[in-house]
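Think of it as A, B and C in the order they're written, each chain with its own count starting at 1.
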Amino acid sequence: MKRIQRGRGLTLAASVAGLGLVLTACSGGDGGNASGGGGGDAEPTFDCADYEQYGDLEGTTVTVYTSIVDPEAEEQRASYAPFEECTGATIEYEGSREFEAQLPVRLEAGNAPDIAYIPQPGFLRSLVEDFPDAVQPAGEAVVENANEFYTEQWVEYGTVDGTLYATPLGANVKSFVWYSPSAFEENGYEIPTTWQELLDLTDQMVEDNPDVKPWCAGIESGDATGWPATDWLEDVVLRTAGPDVYDQWVNHEIPFDDPQIVAALEEVGGILKNEDYVNGGLGDVASIASAPWNESGNGIPDGTCHLHRAANFYQANWDEGLEVAEDGDVYAFYLPGASEDDKPLLGGGEFVTAFSDREEVQAFHAYLSSPQWANAKAEVTGQGWISANNGLDRDLLQSSIDQLSFDLLTDESYTFRFDGSDQMPGAVGTGSFWREMVSWISPGQDSETTLSNIEASWPSS
Amino acid sequence: MTAIPPTTLTDPTEVDTRKVRGLTRAEQRAIAAKGRLSSPWASGIAIVLAILWTVPTFGLLVTSVRPRSEIRSSGWWTFLQNPALTFENYSEVLFGSSTSFATFFVNSVVITLPAVVIPISLALLAAYAFAWIPFRGRELLFVAVFALQVVPIQVTLLPLLRQYVSWGLEGSFWVVWLSHSIFALPLAIYLLHNFMKDIPASLVEAARVDGAGHVTVFFRVLLPLLTPAIASFGIFQFLWVWNDLLVALVFVGGTTDVAPLTVRIAELAGTRGSQWHLLSAGAFVAMVVPLVVFLALQRYFVRGLLAGSVKG
Amino acid sequence: MDWLLQPDTTAEKLTLMVIAILLFVVVMGAILLGIDRLKRAPTWVVVLGFLGPTLLFLAFGLLYPGLRTVWNSFRDGRGRTFVGADNYVTAFTDDRFQTVLRNTALWVVLVPLLATLFGLVYAVLVDRTRFEYLAKTLIFLPMSISLVGASIIWKFVYEYKPVQGNIQQTGLLNQVLVWLGMQPQQFLQDQPWNNLFLIAVMVWIQAGFAMTVLSAAVKAIPDDIVEAARLDGLHGLGMFRYITVPSIRPALVVVVTTIAMATLKVFDIVRTMTGGNFDTSVVAYEFYVQSFTARQQGLGAALAVILFVLVIPIIAYNVRQLKLAEEIR
């Protein structure tokens, strides 16, 4: 009993501290980090009548293990408050940057958390294969929620061999190009609506001012260095080869170094390996490999580059005081397709998996897959969070780029595809793909060698 | 092997008072006699080394009080020209979590002390056995223990965690203490054995002839001589445990009840590693205690790892 | 008695800590007291008393996992089927692993030598000077920073900004180059020098360890030896070369060995600074990646075993030293 009471106290302390954080953030006028950004309410509004379906869970505890750490973890904890308060359950949250390395260790040791947020469908698949007894198929209520509030495609990402194991939690949109609306206005640049227009605009920029490189990019990210480059390739494969080829490529039905993929990588190289186009404010082509991805867009407000391809979550990285809005200091446009009607959309997200079928765990899983939670989360999040849940109230999203992301996600004219590297086996998706893209950029390894090296590393089983 | 004059078998406090009183005649003579590299070249090299070793840390210290936008746009050495000062990084480190900073701090202390005391005590006993108790297979066993140093901690995590889970002890201080003790033992035994065997055999033998058992010899003769060595290894072990992230992460996880400071500091980088500027402040907060410990214990080994000059 | 496992308050935690230490002292005390009481205890009982708990710990926590790793190194990625020496073949033939092995050799040679050299020179230079305390503290400083913290510090030092418009250098080393009128360099990227810049970080950290131990050894050099050498006309470098270094030989062996062992195992520096890219990976990091990120446990285990094999020369050298010391005694 004692542990439970302590847990309750902790949660209360967490929400109080969360409140305090927002208050100091506002009064201090920093507004820079994701938690304080939009000045969202620390407590979501709710009515316990809506939570009766989850039953009385007084005295139970659910442990959650994720890769999300502070300050975002604070928002996660705050979003569980209604569930905890109305059902009486306690959620013990633990976030770690070593999550992906540690989760398999815990599972193997028999020390599984009740619930984990898996950032990649490929990782989920390997967990189900390696630990078939640990990963629990989703319960009835969860399956219902998944089918009701998510498109078939999103449900599919959490499904392994026909069984639903995981439901989507957060989502992100990667097909964005960040730019400075004021710089565009000054120079009379128009937002491109096709890939060719984007290339023309780039040439135009070089012509107008050879000192300012049009693009800036950085793919350094500690031991995950290289991932932003994989997103580049995926986005371009979707545009030059199309979503069907993309699916075959991701599922390894065609070789990784298929000629169409080589062509796509050459297209990427047309921008990233072109000394005239890169790397504004950061150096030469090779500097892309060592520029920290989260600082590589700073050339836009600094005036040393114009374009930076990055996901909606890049907004958390802009300096304090920059306004992220269509008429503000920085904003993003959709990375255009081959034609105006061709609108592929690359995105990602994380997935909730349960490792226990206890009543309270299943109830919490159901809560996390419901619009109730999505809206509670939106309420406590300042900026930088969206979900593919169709019950999410768009008005609760507090940043315009989040709203735009949500619009694109729910707009049926866009063809959504999930981040390919996240779906590939770990040895490729979080290994050779990253590594070889770094070699492709830095010592200038050619496209074919790069892709065939990755092909060679694809696990045989 | 000269016999040791009793006065040089001093305890550390006496060493210290002597230091305060000023140098004894013998020491002054020693300084005069040592004929050190006391040329301008020597001083120059020492100063260059000191600067090389200090400047990066100093840069980090300056960085830790600069705002994020300044950090990325200009070097810390421009700080004096443009002194934009902020303690926001520190306030985020100290107060930015839902759990009070003091909790992590207390956890670190609670984890570290037993994880220093236990392995050193065990290692001292083991080193004594390897150095002074003749038994069959002694050398082989010593080499085996020494070689265990190379087993990477990572390969032990899974088997250990599985065992702890089956004992129902995972996530408690007990397993962290146990794990740290295990990991420290090979190196501790190796280092302490080296100091231990430098002690003149005549001393040990004299005590043995007087009828003292091994336990008595260990406590009465060896321990007092080894105080400085124990203090210095104590510092290293303290640093390793204090700065450890891996063991804490695996065996206690990030649950705030038991997680040490390093877990909190590691989190500062943010989910996507975008908050590196906070780490500069975090690194300094974490450094304070080890530095205090070093300064407090420095006097113990300033005169040598064995109390008194026992060689010769 | 819940709090013995899950203490809540600071008081409970501190009490638990004291209890743990006391418990340890009481148990060990009882064992030793028991041995002491048995006046005619056979040697093996005494040895067991002194060594028993340690060996138990080591067998459980290091030996068994180590042997399991050897076993796993002959099995596939998930440890299910026997694959013979496949993992070793991969580790020795793959181009990438060749680079990794070469880098590791570079690390394990350079780090102990340089760290010991700097530590020793510094220890001798500041020995018994007025600023000894302060001077030693400065070199010791990096020891008190975690490896990740140190890596971050040096990442700042190596930072690169291009020559473009008003952009200023933010990395000290590049700023120095610019002040000297040279082009800024991408230190962590330019092969093969980038390995040396990573190695510098480890040298920077370990020199404090070398300095501390060697300084103590230098102080233990008997005065009469020094004085005799002086009378023979040895000064400065001659004294260093012919008296200081030979006198502290055992300590030098210990320091080099310890640093070499630590160097073989270190992976945080590579991980934080380059993520193993630009041909900078080392065996310890690759082992971590294969075991935990790529989930190729067999290959990871094989790399760990290779790490072990790399240490054999160091062990052999130490055994020789041990034998020599025994003979002298």
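Simple rule for what comes next: a contact is a pair of C-beta atoms (placed from the backbone, for glycine too) under 8 Å apart; a residue touches a chain by one contact, two chains touch by 3 or more.
What you see is a predicted model, and the numbers here were worked out from it, not measured in a lab.
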Contact steps required, at the very least, to link subunit B with subunit C come to 1
Identify the chain whose mean C-alpha position lies nearest to the mean of all protein C-alpha atoms shown. C
With chain centres set to the mean of the C-alpha atoms, which chain is at the far end from subunit C? A
On a C-alpha centroid basis, what's the spacing between subunit B and subunit C, in Å? 12
Indicate the whole-number Å distance between the mean C-alpha point of subunit A and the mean C-alpha point of subunit B. 41
Using mean C-alpha positions as chain centres, tell me how far subunit A is from subunit C in Å, no decimals. 38
Would you mind listing the residues of subunit B that make contact with two or more other chains? 72-73, 158, 266, 276
Residues of subunit C that touch two or more other chains: which are they? 6, 8, 288, 292
Check: subunit A positions touching at least 2 other chains come out as 102, 105, 221-222, 224, 302
Complex interface listing, subunit B residues touching subunit A: 67-69, 72-73, 88, 91-92, 95-99, 157-158, 161-162, 164-166, 170, 249-250, 253-256, 263, 266-276
For the complex, which residues does subunit C have touching subunit B? 5-8, 10, 13-14, 16-17, 20-21, 24-25, 28, 32-33, 35-36, 39, 43-44, 46-47, 49-51, 53-55, 57-58, 60-66, 68-69, 118, 121-122, 124-128, 132-133, 135-149, 152-154, 156-157, 168-172, 175, 204, 207-209, 212-213, 215-217, 219-227, 229-230, 234-237, 239-240, 250-251, 254, 257-258, 261, 264-265, 284, 287-288, 291-292, 301, 304, 307-308, 311, 315, 318-319, 322, 325, 329
Which positions of subunit A touch subunit C when the two form their complex? 2-3, 6, 100-102, 104-105, 126, 130, 211, 220-226, 279-284, 286-287, 289-290, 302-304, 426-427, 430-431, 435, 438-439, 442-443, 459, 461
Help me check something: in the complex, which residues belonging to subunit C touch subunit A? 2, 6, 8, 77-78, 160-162, 164-165, 167, 186, 188-189, 191, 271-272, 274-278, 288-289, 292-296
Within the complex, subunit B is touched by subunit A residues 10, 13-14, 17-18, 21, 24, 28, 30, 32-33, 65, 67-74, 77, 92, 94-98, 102, 105-106, 108-111, 221-222, 224, 292, 294-295, 298, 302, 313, 316-317, 319-321
